[in-house]
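Starting off with a structure, shown below.
Per-chain numbering from 1; labels A, B and C assigned in written order.
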Amino acid sequence: MESVVSFGLALLLAPLFPGVILKTKALFAGKQGPPLLIKYFTLIKLLRKGSVYSASTTFVFRLGPLISCAAAIMALLFFPFAGTAPLIAFHGDVIMVFYLLGLGRFFTIVAALDTASPFEGMGAAREAFFSTLAEAAIFVVLILFFRMNGALSLAAYFSGSQPISIIGSQGALLLLVIVALFMILLTENSRVPVDDPATHLELTMIHEVMILDHSGPDLALIELGAFYKLFFYASFIACLIKPPPLADPVANTLLFYGVIMLLYMVVGVVESIMARLKMDLVPKYILTAFALVFFAVILTLEIV
Amino acid sequence: MLEAVFCLPLFAGLIAFLLPVKLGRGVLVVGALLHLQLTLLAWLSDFPPLLPGYFSTAPAGILVLLVTSFIFVFIAPYSIFYMREQEMQSEPIFIGSMLLFLGTMSMAALAEHPIVFWIAIEATTLVSAPLIFVNRSKKALEATWKYVLICSVGIALALLGFFFITLSMDRAGIDVPLTFSSLNTAAKHLDPLWLKIGFIFVIIGFGTKMGLAPMHTWLPDAHSEAPSPASALLSGALLNCAFLGIFKVHTLMVLAGLGDFSGSLLIGFGLFSILVAGIFILKQPDYKRMLAYSSIENMGVIAFGVGIGGMALYGAMLHLIHHSLLKSSLFLSAGNLLLGFGSKIVAQCGGMTRLLPRTFVSFFAGFLGISGLPPFGVFVSELLILIGAFKAGHPVAGGLFIASLALVVAGFARIVTSMSFGPSRQEILVPEQTLRIVSPFALLLTSAVLCVWMPEPLHQIIINTIAVIGGTIHG
Amino acid sequence: MINSIDLILVLILLAVLLSLGSSRMMALIKIMALQGAMVSLVPIFIEPQARLSNGGILFFQLMLLIKAVLIPGLLYMALNRIAIKREVEPLIGYHASLLVGLGLVMLSAYITRRMGLSLPGDYALLLITAITTTGGGLFLMMSRTKAITQVIGYLMLENGIYLVGTALTKHTHNIYLVEFGVLLDLLAGVMIMGIILHNINRAFDDVDTAYLEQLKD
């Protein structure tokens, strides 16, 4: 029961937080900014509209949004929010989770290619390239967690008897992981400094350019999928930096969402103070994240 | 109080920065003379240090201090007359830095605590940087940058070496104050592995500063771009100070029973330096760079002699003294040549015999001396090293030593003859001046005198220096 | 509770790695300031608090001031004065540099393990950090063309050596007076390097060491 509630809560709240980013950025710019619930309004608006399909597209184009959103929701099923047991958990589910996200990305890319637009092809190529690099970093994180915890399951990482957390015995190493994961979060979710969600020029886009041809409910699904994906990564980091769990489940959940809120605010701050990287510097950026995690792995090898 | 020996030039140097040029020149000469007196006091009479944990009158240090102070007394007046011809823009800085340089070198020579020694050596790099840069040309800039950076990094490695030596003390569980003398007394108990690692870092670190190949790359640049008095000081005094660091740690190694390890390293670096210097001298178009390479060669000779030990050790100490005297004399003569010809390129100089006869005598005599011909001291010292090498059972190394020396002499002779007797130029820029000739001649004369007659206290201090690690004069 | 010394060391490692991947001069200087601050904090956390004398407290404050404020400040001023292009311009690319950084960590971990038995105390991570920092500094000096980056590399090298000193030796024989001398040398060194930098910039209109190749045999 508790698991279902926490899962529902996550599904419900995920679209709220991107509004937090917008609000932070607006405050930094000295503007009032959109209301916090802006993303809900956008979703409702989009869902009420109809979809337009280009005559040159096939069923693959319609499949893309559906699968990417479904994959993101699936991934959340495995996640132990605020330490409560997830709905599904088995040995090795972390690999499943990341490949689910990969599947979602695959269909987004395929849908973009299906339009046969040169812009979208370009975006797809960039997305594929950068996420391939990021995947390496993620899997090194998993190797590290396996070394620390001996498990291969999200539930065991964050809700078991020995949760992996910065306050644990090897917390210092997790500092490297947190920095790296944050960098991966920005990469995977197309945020500054890798991609700029607010840009207007197709040539400089990565994620946005791939979904140019989607409209109405399809676009809503893609947006929703993106919110869930971002929420997944944010929860991942939040679990690492969260203070020790409180006895009261409600207070615990509140604490968890507080940390998440903080993370989104940091994303907003980063977007406000940083410029986008030149496209050819992005691989270096991701490689830095990879190197950080790899560092941590080497250190565990020697110290433990 | 012993500390006055280095405090005096340090203060004088700081004051000289502020004084007008004329007064500053006076401070330079007076400071040099006072420093020599203090050095003699420290040498001949009882002169206890105020901080015995940091400074001492260890014989090796006194020897280096004595050489430094002695050649400085001659370089100081020379540099005044040299600078008058040069119309230097920033003479107060030059004078101040000279004195600071003397002060830091004296501090290094008297240091008893390894880290204090390190601090002093690093400080010599920093205060001598302005001396090299004083001409403000692009080349001088490059030389200064290389000098500061390469030496700083090298010396940083030496600090690492000292840390390892400290570690060898900790590993053995010895708790004595960290001074060279107390390390020496406890040498037998130190952890040998860490001592070895420490020595490797020290020889690479101070070897950089001393100009041992292959870490010598900064040395020809710095020596050729610096004004001649500064080159003379760099070559005649600074290299000895860096050598002192290696020597002190080598002493420790010998006492710890690891003398073979450190000795063979020294022999290897020494021979390699002589060889490299010989190769580079052969085709050298620039006579100041040639002198710089000759310094590398002579540092190699000293390292070689110390590495062999026994009688060669005595020869090495003798070589240190005579090299300083002759090489600073040569650099001062080279300064006169540079003023006269306005060029450092051998091909553009010629007819020295006719145009600059007195400088020719000093330069040529210096060449004979540094090549190991009598009546100059290098003859004796190299002979002793050679005999020592054969006696100690290093015939191959001895053979290589002779071959490399021959290479150096050949290259040297080519340049000197071409400059002396080659096609004559029409006129010279600055004529010879007696005041600028006195210093090189005095230094040469000292070397010649010391070759035939060694004062007893000097002999005694060399014996004291080398007795600790089994060096003798009788083999 | 979280181990504060580990945290500091990991931050130092982070600074090494970030500096290898950093393409902006300003960022590099900020990273150095962070590293300097962390390095000066290390001995405080290693030593039992009770042993810290008044002189020690004064010394650590001075060290923090010099390493984290004065030296980066000097570099910052130098950078502003000479208005050089703010890109680092490496000889060896950022990707390769990062990989070298990883290699360095592996190497130092290997060295530490080999020496592991003969180490006083339980400072494996400290030694790994120290060796990596030293190596990273050397690498930075060799692989970047700008003279100011070489100064930064030198500083990192010094930081590493200082860490080796703290890692390996018992602090009893290191007297603060002596350490202060070392620190003063470092400060003066950076100042002198700054002056030379300024002159290099004036003479060549750039601080690229590629211009410094006139003198050779």
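For this structure, a couple of remarks:
Going forward, a residue touches a chain if its C-beta (ideal position, glycine included) is under 8 Å from a C-beta of that chain, and two chains touch if they have at least 3 such contacts.
What you see is a predicted model, and the numbers here were worked out from it, not measured in a lab.
With chains reduced to the mean position of their C-alpha atoms, the one farthest from chain A is B. Relative to the whole-protein C-alpha centroid, the nearest chain centroid is that of C.
One inter-chain figure worth recording: chain A and chain C are separated by 35 Å, centre to centre, where each centre is the mean of the chain's CA atoms.
The distance from the centre of chain A to the centre of chain B, each centre being the mean of the chain's C-alpha atoms, comes to 65 Å. Chain centres here are Cα averages; for chain B and chain C they lie 31 Å apart. Residue positions of chain B touching 2 or more other chains: there are none. Contact residues of chain A toward chain C in the complex are 166-167, 169-173, 175-176, 179, 281, 283-284, 287-288, 291-292, 294-295, 298-299, 301-303.
The part of chain B that touches chain C in the complex is made up of residues 54, 113, 115-116, 118-119, 122-123, 125-126, 129-130, 133, 136, 138-139, 141-146, 148-149, 152-153, 156-157, 159-160, 163-164, 166-167, 169-171, 175, 177-178, 191, 193, 220-221, 224-225, 280, 284, 289.
Within the complex formed with chain A, the residues of chain C that make contact are 1-3, 6-7, 9-11, 13-14, 17-18, 21, 23, 94-95, 98-99, 101-102, 105-106, 109, 112-113, 124-125, 128.
Against chain B, in their complex, chain C makes its touches with residues 118, 120, 134, 138, 141, 147, 150, 154, 157-158, 161, 164-165, 168-170, 172-174, 178-179, 181-182, 184-185, 188-189, 192-193, 196, 199-200, 203-204, 209, 212-215, 217.
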